[in-house]
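Both complexes below contain chain A, partnered by chain B and then by chain C.
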Partner chain A sequence: MSTGMVLALIGAALSTILAGIGSAWGVGMAGQAAAGVTAEKPDLFAKVLILQLLPGTQGIYGLLVTFITLSRIGVLGGTAVTDTNTGLMYLFACLPIAICGLISAYHQARTSVASIGVVAKDPDQFGKAMLFPAMVETYAILALLVSILAVTNI
Partner chain B sequence: MAIVKMQKLSVCANKKNRKAILEQLQSLGCMEITTEGIDDPQLQKMDTDKQRQQFLRNADAFDEAIRLLDRYAKAPSKGGGLFAEKEQIDRAQFEEVVKNQKQLVTAGQAVQRAEKTIAECRGTIQKQENRIAALEPWMALPVPMDCSGTKQTSYLIGTIEGSITEDQIFAAASAGLEDPAPVSVNLLPGSIPGQNNMLVVCLKRDRDKVENSLRAIGFANPAVRVDGVPAEAKKEIEEDIKSQQEEIARQEACIASYADRREDFRIASDYYRTRAAKYDLLGTIPQSENMFFLEGWVTADRAESVKNLLEKKYDALVEKEEKREDEMEPTVLHNNRFSESVEGVLESYGLPQHGKIDPTFIMSIFYVIFFGMMFSDAGYGIVMAIACLIVLKKHKKLPDSTRKMMQLFFWCGISTTFWGIMYGGFFGDAIDQIAHTFLGVPSDVKVIKPLWFDPLSQPMRLLVWCMGFGLVHLFFGLGIAGAQYIKDRDFVGWFSDVFSWYLFIMGLVLMLLPSELFSSIAGDAFDFSGITKLGPIPKYMALVGMIIIILMQERSKKNPILRVLLGAYDVYGVTSWLSDVLSYSRLLALGLATGVIANVINMMAVMGGNSVAGVIVFILVFVLGHTLNFFINALGAYVHSNRLEFVEFFGKFYEGGGRPFKAFQTANKYVEIKNLNQGDH
Partner chain C sequence: MTNNYVYAVARIRVREKTLLTDADISQMAGMASADAVLDYLISRGWGSAESGRDPDAILQAEETKNMALMEELGVDKKVFDIFDIPRRYHNVKAAIKEVLTSDTHDRIFYDIPDFGRREVLAIFSEKHFDALPEAMRAPAEQAFEYMVSTRDGQMCDTILDRACLVAMTDAAKKAASPVIQDYIRSTVATADIRIAVRAAKIGKPLGFLNAALAPSEAFPVHDLAQEAAKGTEALYPYLQEHGFADAVEALKVSPSSFERWCDNCQIEAIKPQKTNPFTSGPIVAFYLARENEIKTVRIILTAKANGFSEDAIRERVREMYV
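And then the complex of A and B:
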């Protein structure tokens, strides 16, 4: 296996690993808050569940980029990477969603926890409360786009 | 397609009709009653708090009784769960319950009393079981535990912890007594290891000496005390437990015997809750010696009929009123059957105020399109549309908000199917994978082709389209802002705040599209070279727009220098347009996410190969995987459709701040009375 291939695979792995860590961390944090609310007000289960899931998307974005990368570097299709530079390009193309996914999921989760607090106090404000975590997600989406566009154009 | 016009009515009527009028209004449920505006020191208010509390307590008691009935006498499930509907009952049945309310309250209390007894019995059983467990090591004791001895001897009953033999205890006990010591140590069999229960017999005169010696090596009284021989005491306790259990069974049967009253309990609970709501209002109504007064909002089309009804039937004086300065009409929306489905989404942001434009119609169209683009799978769309349709057909009496939500997701499902066909996604690439793996189609033949194009192979092309859609959406938002200016006859405002931005942004876009920069980003998917024929027009558009913004946007400022400087700063607002348009890239990203994850699931599903086991693996992975993907991506599409509407679209014009309409109505939780709302709807 060429060095380039190794680098590309590291990139592919990182995007799932880091974004996945972020989401697991985030969904876990928000889940604790959601469980607390459900203990007191079981009717709010569906609403707080939605808020809990919001930081979970980064992990999916990471998986997405991994999959697209693997399908281009000869693991799930495409052609194998032979030179080191191309491998490096794949590695760096994966980094936006890997790093931004990790950090944005954490911060989205903190916002989710706050929003769960809002819903616990006033369930009618769910529509507004849902928006705050969604604002954070924008930057994960931008990172995802950059990663996809970069990987598909190498 | 708009905000419904409201009419304020003021009612003044004889006190003797007070109850009848309130009940009539409550059952109509079409009026929001306010009494805050009427403040005359001559008028008095009734204190109804006590009755209201009593009614609420009754309603709670019935709720509790219903809950107990559900626990001890399970009702045949009617299904529904999330989509539970209120039961329809006859007027006569309702009257019957009202007639028998005293008796029902007694029945409800009986159910609660039975539950209290059951709880007490359970407590007793628990306590007795603990005693039995503590007695267990003493079973071999042949004498009553409180027995102190015979005429000549003393019994010492107790425990020493730790490992010690009978001889050691004997040695300790006989210390200081004559030899052979008149002491007998009997260790009881069946003790817990490390805990030596014993019966020590000695002469009465030696008792203090022996006890002191034993205490010195850790002799202690038993932790448990019963009257009589332990084995017999245990039997007695067991008897008691049995009788408690019988009592529980009796009380459970007693509760279950009320199972046929469940329906009545439900009605009674609703009856008391509704009465509590009435008394709540009653407590705020100003009254004089013979008259009472109230004000309220109704929709304008109902005003005349409500007025007539109250005047004819109850001799009330009803007048149509103008709204006061400090008052705000409540907002009721009325839209066509398609658009009304997003009213709930709009409501969660905030209703529009009167005099403002209701954005529901335009919002609904874009909401459904954007949801479809982000969910973008024909298979998921069909599942979603059919599921919603089944719920809507099966449950005709859903609460309005749930029904609208279901309708919204039905339309979103249709839109999702449409975009799935455009992008060529049906449970991802399920059909291709099945064909290649199980049907022997060569793997380089594509079975399903997208009607438009495959987003994964041309992401840049779709990105440009998404931003195009976004720009159209934003322009509609700005258009509504413009319509509002025109409605308010503020043409200067329209010219300087809306028209200027149209010119400026369109000019900029037209300058960008044919440029080198754009084609180098978008690739050769688009050819906008035709725009160059416009020559310098786009440049002038942008320039004129910018100048209007600089000169006019801050027209409220008196100081001309400040006005121009702040105007120039407003031009900087173009960056918010840029970020808004970029935000629509989520349409691409989430659309890709659905498709690619679905493909990953399919790929894992066919790993079993073409065999019986392979097919089983395929079905399992397929169903599980796609269910998961469905929910996660439906959630994403829902959240981000909301976001695009709330942040980008509403950011251009919407203020919200409307007050929701809270009609004075029945507070029914379980039932709905048929044929009550005559002349209603």
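And then the complex of A and C:
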């Protein structure tokens, strides 16, 4: 296997691993808060579940970039990477969603936890409370777009 | 780890909705009798199956529920040891007086495991001061010897009250929770102001003030003692200069208004925890808010039972956390 292919595979792996770690961390943290609210007020389950799931999207974005990358470097389709430069390009193309996914999932989780606190106090504020963690999502989506554009144009 | 308390804080957020608000307290203050207040509390879920309509039993049940919730949430009991310090020093004061006067006052002791009436009386009856916690040993012995030689109960209390404040300050410094540190800082500052005001009003000398005031981060206590020794005219401007203008305003209204201000300072110290989702702060704040709520209800029930007017009750009741 060429060095370029190894680098491309590392990029593909990182986008799933780092974004996945961020999401697992985030969903776990928000899940603790959601469980706390549900223990006291089970009828809020559906609302807090949505807030818990918000930091989970980064893991999906990372998976998507991994699939696109694998389908272009000869693993699931496309042509195998033979030179180092192309491999490096795939690696760097995967990094935006890998790194931004990790960090944004963590911060989105903290915002989700705070929003779950808002819903716990006043369930009618669910709509407003959901907007706060949703704002963090913007930056994960921007990173996803950059990674997809980069991977598909190499 | 910042998310260790995420689950517990989320539960506390829901529980905060069950706390009594200022409006609830105002409603209770306006009720016709202590019975009406009891009805209202029972309708809000206060008390237990065993407490019936006994006010003391209802309040005791609420204190038990409060501590049980903290245990259920997995908060280390040591976190709350600091709030037991005043009760322990109270038991020491009660024991010294009971041993030296031979009067029996079993109802004034707090029921603290390993430090209840029986244990503390045994220590002072046998002068077995080594059995006391290290920080308490020297002031307790000093207070005891002072009481033996002078029978001055007030000075005995003063020595132990100061030692209690010092012990709370030391414990707060070791506590990991900033909310506990803020709360104790506020408690010590208001206690010092309370002592200084009372001493200034009755013309206590500087020596007494220096012995009574505990070190505080809010002001140099030696300066506070000197101003208080000169009288209230010198003390009030000093308090205003050090950010306690509200205390002076309350003092001008009435003594009970000042007492209310002291208690409200402590609630103000914990209020920022209402928006903190990640540390143990909101849990400790909830515990203190419940304690404050129970104390306030006790004031209302006692005042109603003794026929106090609605205005007199409103002047005494404390601000609520929510």
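Keep this in mind: the second predicted complex is superposed on the first by the 154 of 154 C-alpha atoms of A that agree within 3 Å, B and C clash if a C-alpha of one lies under 4 Å from a C-alpha of the other, contacts with A are read in each partner's own complex, and residues count from 1 in each chain.
Just so it is clear, a contact is a pair of C-beta atoms (placed from the backbone, for glycine too) under 8 Å apart; a residue touches a chain by one contact, two chains touch by 3 or more.
These numbers come from a predicted model, not from an experiment.
Q: If chain A is used to align the two complexes, do chain B and chain C fit next to each other or clash?
A: Aligned on chain A, chain C fits beside chain B.
Q: Based on the superposed arrangement, let me know which partner A:Lys128 touches: chain B (first), chain C (second), both, or neither?
A: The first partner, chain B, only.
Q: Output check: A:Gly117 vs chain B and chain C. Expected answer is one of first, second, both, neither. What do you get?
A: A:Gly117: touches chain C, not chain B.
Q: Applying the document's definition of touch, where does A:Leu54 land relative to chain B and chain C: first, second, both, or neither?
A: After superposing on A, A:Leu54 lies in contact with chain B but is clear of chain C.
Q: Comparing chain C with chain B, which touches more residues belonging to chain A?
A: Between chain B and chain C, the winner on chain A residue contacts is B.
Q: Just checking: does A:Val37 make contact with chain B only, chain C only, both, or neither of them? Give me first, second, both or neither.
A: Only chain C; A:Val37 stays clear of chain B.
Q: Name the contact category of A:Met29: first (chain B only), second (chain C only), both, or neither.
A: second
Q: When the two complexes are placed on top of each other via chain A, what is the minimal CA separation of chain B and chain C in Å?
A: Taking the overlay as described at the top, chain B lies 8 Å from chain C at its nearest C-alpha.
Q: Does any part of chain A touch chain B in one structure and chain C in the other, and if so which residues?
A: The answer is that chain A has no such residue.
Q: Give the list of chain B residues in touch with chain A in this complex.
A: 345, 347-349, 456, 459-460, 463, 582-583, 585-586, 588-590, 592-593, 596-597, 599-600, 603, 632, 635-636, 639-640, 642-643, 646-647
Q: For a test of understanding, state which residues of chain A touch chain B in their complex under the given definition.
A: My answer: residues 50, 53-54, 56-57, 60-61, 63-64, 67-68, 76, 124, 126-128, 130-131, 134-135, 137-138, 141-142, 144-145, 148-149, 152-153.
Q: What does chain C use to touch chain A in their complex?
A: 3, 6-11, 13-17, 277-278
Q: What residues of chain A sit close enough to touch chain C in their complex?
A: Spelled out, the residues of chain A in touch with chain C are 29, 32-37, 39-41, 110, 113-114, 116-117, 120-121.
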